[in-house]
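Each structure below is given as structure tokens.
Both of the next two complexes hold chain A, though its partner changes from chain B to chain C.
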Partner chain A sequence: MELLVPLILIGVGFFVGRHFEAKHYASIRDREKKTLHVPMMNFGAKQDLPYAHDAQLFVGSVVVANDYFKTISAGLRNLVGGRVVVYESLVDRGRREALLRMKEEAIEWGASQIVNVRFETSSIGGKSRDQGLSAVEIMAYGTAIR
Partner chain B sequence: MSNLTLTTLEGVPGREIVEHYGLVQGSTIRAKHVGKDILAGFKNIVGGELKGYTELLQESRKESIERMVMQAEQLGANAVVNIRFATSSIAPGAAELFAYGTAVRVK
Partner chain C sequence: MKFVPKEITKEVNVTPVHPLVNLAYLLGTVTLAGIVIYVVLGLIASQLVKRIGIETEEQIGASLVNSLPNRIDTGDSRLEYLQDLTSSLQDNLSQTEIAVVEYPPVKISILDMPEENAMVTAGSHLMVTEGLLDQVESENELAFVLAHELGHLHNRDPLDALGRSLVLMTVSGLLGVGQGPNSVLVPNVLNLTEQGHSRTQETMADEYAIALMMARYDHGGHSLDFFRRLQSEEFDLGVLSPVAEWQQTHPLTDNRIERLESIAEASDWPLTGNPTSLPEGIECANFEAPC
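Presenting the complex of A and B:
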């Protein structure tokens, strides 16, 4: 019985989590295609500023949690070390989602280009063992010009 | 929201910087909400976005930008360039969001 509950949680985490992830990735790919017409680029300090009438800061942010299966498998991975593949997709999802949110907001404003995009990532929770919450918050920000 | 121009660039496109006022900054420290935390615990079983936390992050981001803008206005700037954000966790359950940039006057 004591073993059963974690096993059920792992099962639920694996199947439901995978389903949600697949759905999320489908939506990300779809929206990325739709927003492809607005280029994003980073400039160096020695380059001239792009010509524009108007510039404004846009930020997109998201907090994503990992599922129970991922938490357990990452915990097992910790024993032997190496690449933690289950977390890679989590962070990738978060970054792309944050970037898309920024881009969509900028497009609504009428952006022709987004320049100097930066990311900021940090983990929240998971500090104490009993809480066990682990999530990453990701912000993407850049200057939209038109 | 005020009418200051905020950018992550070295300047404001199409404008010229006539005066620098130096670094301005704004920060907020936020703690997790107990009710939200319980929901987040459930969400940790199936994974996915924590909407409550995203809202919290957005609120505190707005707050820290506002504080930075207030400082810039006091200096007499009409734009803040080279804006960056930084986050750090102060203690379990509390996180800081920090925005900084250079206050300038453009024409």
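Presenting the complex of A and C:
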């Protein structure tokens, strides 16, 4: 029983997690295509910003948690070191989703372009590694102009 | 400059490795480490068994046993009976083909707990529980359990276990195994190898016990009755039972009985015979029934 329960959890984590990840990636790619027409660009401190009538800050944020399979894989990875492959897709999804949320809102407002886009990432919970929520919050913000 | 939207189709931020391949690689590493630890443990334990003196073993044993609660080691006439029974089993060792191994003299005590169990520890402290004395129905059953424990002493299993757990604790402490998200998987993998080792020891102790029973009683009748009763209480898992067994320190009762029966058959030992009765009031202190 001691081993069966984690094994079942890992199995559930793997299949459910993979299913949702595939679904999420499909949605991300689709929405990225739809919002491609609005450019996002960064300007340096001494560069002139493009001329605009209106400017507004938009924030998109997302909190993603890992599934049990990812937790175990990453935990094992901790013993030997190296690329935590399972977390790469997790963080990648988070970044793109946050960016999309920000961009979609800006487009709705009528943005012609978004300037100076920034990312912030912070981990939520998981202070003691054994228990508690282990998730990251990813926030993307930028100035939309029209 | 005109903005021309260009779609990025390449995934640069995700390594194209299947997560299961990744996990298999990681598990392989852990298993390999587990095997190495297992072998090293075996080597260290066997060295310990060879090098530890009888006196040191007695001291370790005494300190282990003295911390046990509800232990009766004096002032109960049942202890003398159990001691006599054990000695009579040991006296018959010469009739078997088993080589004599030196170990400290057996010291018997009774543990006041309801579970049916018997155990030995370093320093040849043999303990039986009140629950066991309450449940046994013939001397043969009790003698088989005692002989099984003598088998552990003969194979020096308590010292082996002591050495292994000592090293295992040190290693897992150093590696920090058992902390963090690995606490569900890594200790379990180590446990599986340890329990596999423990089951081998149990089987060997069983083999020793049946040979000793044969020498003492000239038949193996009723010796396995205790296990048969346990078996009837055990939940049958069907095809899943091998999985269940991997996680046990003892082989499943079913397999134990089967194995012992096949040994008896191969050696032409009869498994039938009249039981020797137990003294009255074995379940009560000083045989003073009712209690």
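Everything below uses one rule, namely that the second predicted complex is superposed on the first by the 143 of 146 C-alpha atoms of A that agree within 3 Å, B and C clash if a C-alpha of one lies under 4 Å from a C-alpha of the other, contacts with A are read in each partner's own complex, and residues count from 1 in each chain.
In the analysis below, contacts are C-beta pairs under 8 Å (C-beta built on N, C-alpha and C of every residue); 3 or more make two chains touch, one makes a residue touch a chain.
Note that the structure is predicted; figures quoted are calculated from it, not measured.
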item: Clash or fit, chain B versus chain C on superposed chain A; value: fit
item: Chain B versus chain C as contact partner of A:T71, first or second or both or neither; value: both
item: Touched partner set for A:V115, first chain B, second chain C, both or neither; value: first
item: Chain B versus chain C, judged by how many residues of chain A each one touches; value: B
item: Touched partner set for A:V12, first chain B, second chain C, both or neither; value: first
item: First (chain B), second (chain C), both or neither touched by A:A52; value: first
item: Distance in angstrom between the closest Cα atoms of chain C and chain B, superposition on A; value: 12
item: Intersection of chain A interface sets (partners chain B, chain C); value: 70-71
item: Chain A - residues contacting chain B, complex; value: 9, 12-13, 16-17, 20-21, 24, 43, 45, 49-53, 55-57, 59, 61-68, 70-71, 90, 97, 115-118, 120, 122-125, 127-128, 131-135, 137, 139, 141-143, 145
item: Residues of chain B that touch chain A when the two form their complex; value: 5-14, 32, 37, 40-41, 43-50, 53-54, 57-58, 61, 65, 83-89, 92-93, 95
item: Chain A-facing residues of chain C, complex; value: 3, 5-7, 11, 13-15, 17, 19-20, 22-23, 26-27, 29-30, 33, 175, 179-186, 188, 191-192, 243, 246-247
item: Residues on chain A engaged by chain C in the complex (per definition of touch); value: 1-4, 6, 14, 18, 32-33, 36-37, 39, 69-80, 83, 85-86, 88-89, 91-92, 95, 113, 129-130
